[in-house]
Amino acid sequence: MFYREAGQFKTSYEADGQIFPILQDRIALLMLMAAAIVVVPLAASPYVLSAILIPFLIFSLAALGLNILTGYAGQLSLGTAAFMAVGAFASYNFILRIPGLPVLLAFVLGGLSAALVGIAFGLPSLRIRGFYLAAATLATQFFVVWCLTKIPYLTNYSASGVITAQPIVILGYAFDSPGRKYLLVLGVVALMALLAKNMIRSNVGRSWMAVRDMDVAAEVIGFRLMRTKLLAFAVSSFYCGVAGALYAYAYLGTVEPEAYNLDLSFRILFMIIIGGVGSVLGSFLGAAFIVLLPVLLNVIAHSLALPTNVASNLELMVFGALIIFFLIVEPHGLARLWQIGKEKLRLWPFPH
Amino acid sequence: QPAEQYVALPSYRVGPYAAGGSGFYGGIIDYFNLVNLSGGVNGVKISWEECETEYNPSRGVECYERLKTRNGGATLVEPLSTGVAYGILDRLAVDKIPMTMIGYGRSDAANGKVFPYVFPLITSYWNQAAAMIKYLGDKEGGMDKLKGKKIVHLYHDSAFGKEPLPVLEALAKQYGFELIKIPVTPPGSEQQSQWLQIRQARPDHVILWGWGSMNAVAIKTAQRNGFPREKILGVWWAGSEEDTVPTGDAAKGYSAMTFNTPGNYPVLDEIRKKLYDAGKGNLADASRVGSVYHMRGVSAAVLWVEAMRTAQEKYGKGKRVSGEQLRWGLENLNVDEARQKAIGAFGMLPVVKTSCDDHEGSGAVKVQQWDGKKWNAVTPNWIVGDKALTRKLLEESSAAYAAEKKITPACLK
Amino acid sequence: MRMNEPEAHFGTVRRPAGPVILDLKNISLSFGGVKALTDISFDVRQHEIRAIIGPNGAGKSSMLNVINGVYRPQQGQIVYRGEVRKNMDVHAAAKSGIARTFQNIALFKGMTVLDNIMTGRNLKMKSNFLLQALYWGPARREEIAHRIKAEQIIDFLEIQAIRKTPVGRLPYGLQKRVELGRALAAEPEILLLDEPMAGMNVEEKQDMCRFILDVNDQFGTTIVLIEHDMGVVMDISDRVVVLDYGKKIGDGTPDQVRGNQDVINAYLGKGCA
Amino acid sequence: MNLNFFFEVLIGGLLSGVMYALVAIGFVLIYKASGVFNFAQGAMVYFAALTCVGVMEKFGVSLWIAVPVTVAVMIALGAAVERVVLRPLVNQPEIALFMATIGLAFFLEGLAQLMWGAQVRKLELPIEDVPSQYLMDHYNILVSQFDIMAAAVCGLLVITLALLFSKTKVGRALRAVADDHQAAQAVGIPLKRIWAVLWAVAGLVALVAGMLWGARNGVQFALTFVALKALPVLILGGFTSMPGAIVGGLIIGASEKLAEVYIGPMVGGGIEGWFPYVLALLFLLVRPEGLFGEKIIRRI
Amino acid sequence: MSYLSVNNVEVIYDHVILVLKGVSLQVPQGKIVALLGANGAGKSTTLKTISTLLRGERGDVTKGEVQFKGERIDQLTPNELVKRGLSQVMEGRHCFSHLTIEENLLTGAYTRNDSRAELKASLEKVYHYFPRLKERRASQAGYTSGGEQQMCAIGRALMARPSMILLDEPSMGIAPQIVEEIFGIVKDLNSKENVSFLLAEQNTSIALRYADFGYILENGRVVMEGAADELSCNEDVKEFYLGVSAAGRKSFRDMKFYRRRKRWLA
């Protein structure tokens, strides 16, 4: 009823090219942003802020990065955590070694370092495809973590190879409480999501999708495969790198390279598959799902007063079963489910 | 209703380290139940809540954040995971919740001036490493006999495995033995090349600094390559039934460090009788009571309960103490032999006496050997390594941390 | 492009065929043991509609693949706009104005019709990806300018109603039309069409013919066309090459070809002759 | 250089490679016949081994009874996977199926631990994992007799499965399914039955792998990680080739051991984690579908 | 009673896209029935509904039923249908690209439990129909030309020795001579082996030439049905599907004026 585009005519291509062409969506998004900036920091408990929302946003950013590479450019990757690690450790070193370097700039530099590594490890993608590439990207994962444990310089010669993120101070303002960290992360993520959306709706995004859908045809109409794929690797790794830096600076604080292990790569992959491959919204939905579901299951299991080991195992089983369930219901992820829901709403009250 | 003393337990009972996690947290909960059965700590019951971390730092942080505000606020936390411990390290001082790291984590956290809320109780990796060399020296018939000997450090290639390197290197220089470092990539389910290298090097001793599945594989691979297990000395995380049982006979003769003396104690009997016989034990398999991990859990709980008792003496008997107050309790712990006897755990763990300077409280360890069925202590007395050396390293390292974090070292009251 | 100009010269003049723009000389191509093309020569004149016909597996698609560089012939020469090469390079071909459609539709399935057509304009887009990420200034202006061009093509092909539909969901015939749109978006000099009318009914073929002829008339685009529907080939093409088993067995105007006995034997069969 | 030592490293590596191949075979089986990249293979290895030991422990029966029971369980598991996971996902994108197997992996890990507990168990096979005295005495080369047996078992498995795949009707049908689910259905290949049987066979391969790995390293959660060791083997040998799994295993096993022993010490060691992947990657650059994999057909 | 009957079937894709709006049609035994209609009319969907391959495309049959030899078949699997003698040649070829042409053909005989010799005979028959396939028998199907793949798909369906074949656009991408041959084969099988056919086809003239009966589908509805010769005489059909108007066949060159297809609205 209320969700109709009827009557909303676009008088210019500019208006039609908007990110949210439907007015109701734009209003909803504005309200959501307003709530996220104003209401949430006031209303949410430190637990929700620092243990749910901050990781949710950081993982969304990483998932977005992976989605650019896997979802849009079609290059399956299992090395996400490695790029995150590069971002984190590079930021740490930049701040450490360049006195007075603004933190945000350090994050950008961290992201750029990750992008460089991304380009290097993206080179094989010019020849290798599909699951072969996925398995090959594991090389990144293991190699980067190995380097971080083997090169003491990178961890400032700390005996155990652990780094401690410096405090975040921007223009003399310390982001030390959960609320402040949340706002910082929110800002970074929102900005980068916007940039991603812009890229996707312009020529770069189309070049990625073209290469994903049919690389030979993409080449025939003039896209350069190498440039396109490597750019996807670079941009994706940049996003992951910034996410990795935030993961260290705004979330964990003290980290060892092992925190960026294969497990993390997989978790991010789950996010995009559950959320929706090739969808910005899906990155967020997927991150929410993977962050929240275990918490929810844990809470439920505890309220059932099951013995803990039974509860933990059941949690794992239900988690696995739910992944399968969602894939069966909609192999294209939550974002697609959301879209179908919207289409139904548009037709409502008629079924078709 | 009297307020309860609430402890947060971000535990793990699934995943790769589930075997250790379930034993350790099972021991803790068994002892808590036992204390509660006899009325709690001066009448204050202990309550706790678990949260599954799967040994994953990010889930661990979430668990900590969730658990810390429950039941009127957590007064203690123990994640038994280096990654999770690091993830919450910075938050502890703000939340005023003490964390113990029993037998793991940063060794320099023993400096209470820099890490007021962190307690690597009983012993740290550095002291363990020092004790290992001391033991090996004694075995050779004196520290001077170590000269020219070859010792392999076969380690889990992670922060954990690299932690003792400064100590081992310093000692190698001091006593003139050759230290050969051989890393094993986690999880370490294939070690053929490492053991071939070891066989080739013909070392006098092998220190097995392993964790999780790496240990059993190491022992089995040693057997496969015909390397005598008697020459292998594991760390305490390589010295539980979980590490030896799956190897069958291969582990016979293998020894490992421990901070518990294997054996039976009245407190364990009580747990069996009052809990397991009544069907209230935490572990599904009653035969695991008294196993290494379980006993470690009981020891942790014993120390915590003693800390609660100590804190109550200062802040009011029969009252729940806050996290801050419990921190004081942990910092002024004195679990001497008399106290251990009263608890029914005499000799189960070393005497622990903490202070602001020394959040570790002991540093003493024992060596145990696997006879194919069970662990037996091979050193009747507690061993203490070169504490002067570890102290020096500790001061340097914690000072660096303080500088990096802009902390002014000071004792809290 | 002047696609939205009045229909003034519809059905009136046809541009006369110009000079030879593409000349293929002695092309041979084989895959392992399979000889797809053997010593084939033919030329294409500017503005003409050149058809390639032949039985299945004759090497028609391979020929197109040679022209735009997807396949590299083992022997022969390609002279395009006076430049002599051994083989084309895919990207160079696209840059120098060769666009094409494929036999088994090669659209970007996950993208909408509009996006698919916009990809056709990629070579004309100049702003770098940072500007595009900001969606600001020149990038934004450029995007909108190209959008206008794309919309003209959409109008021309009469697919306005589906511009926001993902192409994967479209019926076959419309997909073919979108693919033509994508090729047109590049404003090509030569358009290679591989069975653009397969799987269409008469009416749709009529539409398609209309589009092809209009493109040819209005923009003078040279068209190389593979098609099995003899009615179409005979009606709209200027000259026809006939291939069989990788060899050229006929070349000439539709009428000449229709009368060629070899062609009848190999391809047309008695039904159509 | 000590030649004898070199050969020991080489042989040890080759034999470890065989152990990797054992896991890789399970992957190939499923990938080749359904196009599904089965991430749950590691979990299946763990599940099978744990079930086997669990049955022995709980019911106090011998290995000879536990194994048939486990075989039955794995067959039932195959049928269940087909019914619950695969059937509703016929004709879906590869990545969805891949993800579903990850879900399956979680489920199996949880189920295994729920049923049998998380403790580490030992599994004793009738053959001991000690150096073969015969080879020691006669050739002064150290090789475990257990490894020799494992190699024999693995070889046997590969030969059987490779024969199945080569020219039989079922083998052809399996390859058809991998190419195009829908067309396979259209020609009357019973996807349901084929998948159920296939997963059951993969389950049995997992059981063999689980028993050998379990006897070697103890039956524990870490068995799920052996899949990581199998991956480079797979990409090197090709996802679709049984012989590829063996050859890939041998190459990876030998080269990673040699690299660790001879290059490792120069760069701080521990390169075994990534070296096989980098090696496989270099191979891929030359042959993008692995040594023996089917060529990826890209034609327009 | 008809051999195959589709009764009032409604199909929805992806839960929201309604494609068939109550389609009914019958195929009597031993007859050839043509299903005609523009692009997107729902021909392929109808065929996939019958062969139950729809499920794999996230399509649901929400109403109606399909009967084959007097039995409801909508709940059966495609494999059971093939066993009962109903085969489909899918639109868009769908050959197994990594298998050789010969292996492709042999998979078609999967449901048969016949001897080697019999299989060989069937194979020869297919090669007889499509000599081109014989030449390319050892090539991987993925590398063969479009038309060769189409022949392979048809030949593969024949290998099952079905009693009813659903043919989806058999003439697409096929050289005219072979098109005639394919329809010749259809007629041949139909008259000699009593195989029934339901064929969806864009090439209306040839389809009506060989079929006994025809249905015209537009927008998911049957808008016209009748005997083939009746249909080919119908003025509308002539104009819109055969491209001949009262004035005779128009050249494709003259189709330059804006015109819209007249729609039948049921």
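Residue numbering begins at 1 within each chain, and the chains themselves are lettered A, B, C, D and E in the order written.
Convention: a contact is a pair of C-beta atoms (placed from the backbone, for glycine too) under 8 Å apart; a residue touches a chain by one contact, two chains touch by 3 or more.
Chain-to-protein mapping (UniProt): A, D = Branched-chain amino acid ABC transporter permease; C, E = ATP-binding cassette domain-containing protein.
Source: prediction; values computed, not measured.
Where touching is counted per the definition, the chains common to chain C and chain D are A, E.
Using the mean of the Cα atoms as each chain's centre, the chain most removed from chain C is B. Remark: the per-chain Cα centre closest to the mean position of all protein Cα atoms belongs to A. With respect to chain A, maximal separation of chain centres occurs for E (centres as means of Cα atoms). The distance from the centre of chain A to the centre of chain E, with each centre set as the mean of the Cα atoms, comes to 46 Å. Centre-to-centre separation of chain D and chain E, using mean CA positions: 43 Å.
With centres taken as mean Cα positions, chain D sits 32 Å from chain A. The geometric centre of chain A is 41 Å away from that of chain C, both derived from CA atoms.
For chain C, the set of residues touching two or more other chains reads 70, 102-104, 106. Multi-chain contact residues of chain A (touching two or more other chains): 142, 146, 149, 214, 216-217, 220, 309, 313, 315-316. Contact of a single residue of chain B with at least two other chains is seen at positions 13-14, 18, 22, 157, 185-186, 284. Interface residues of chain E, counted against chain C in their complex, comprise 13, 17, 36-41, 91-93, 132, 136, 139, 143-148, 150-151, 169, 172-181, 202-205, 240-243, 250-258, 261.
Partner chain A is touched in their complex by these residues of chain C: 68, 70, 90-91, 93-95, 99-100, 102, 106-111, 115, 118-120, 122-123, 125, 127, 129, 132-135, 139-140, 143-144, 147-148, 151, 182-183, 186.
Interface of chain E with chain A (complex): residues 12, 14-18.
Residues 7, 10-11, 31, 34, 54-58, 61, 103-104, 169-174, 195, 198-207, 209-210, 213-214, 228-232, 235-236, 267-269, 271-272 of chain C are the ones touching chain E in the complex. Within the complex formed with chain D, the chain A residues making contact are 76, 124, 127-132, 134-136, 138-139, 142-143, 145-146, 149-150, 214-217, 220, 262, 266, 270, 273-274, 277, 309-310, 313-324, 327-328, 331-332.
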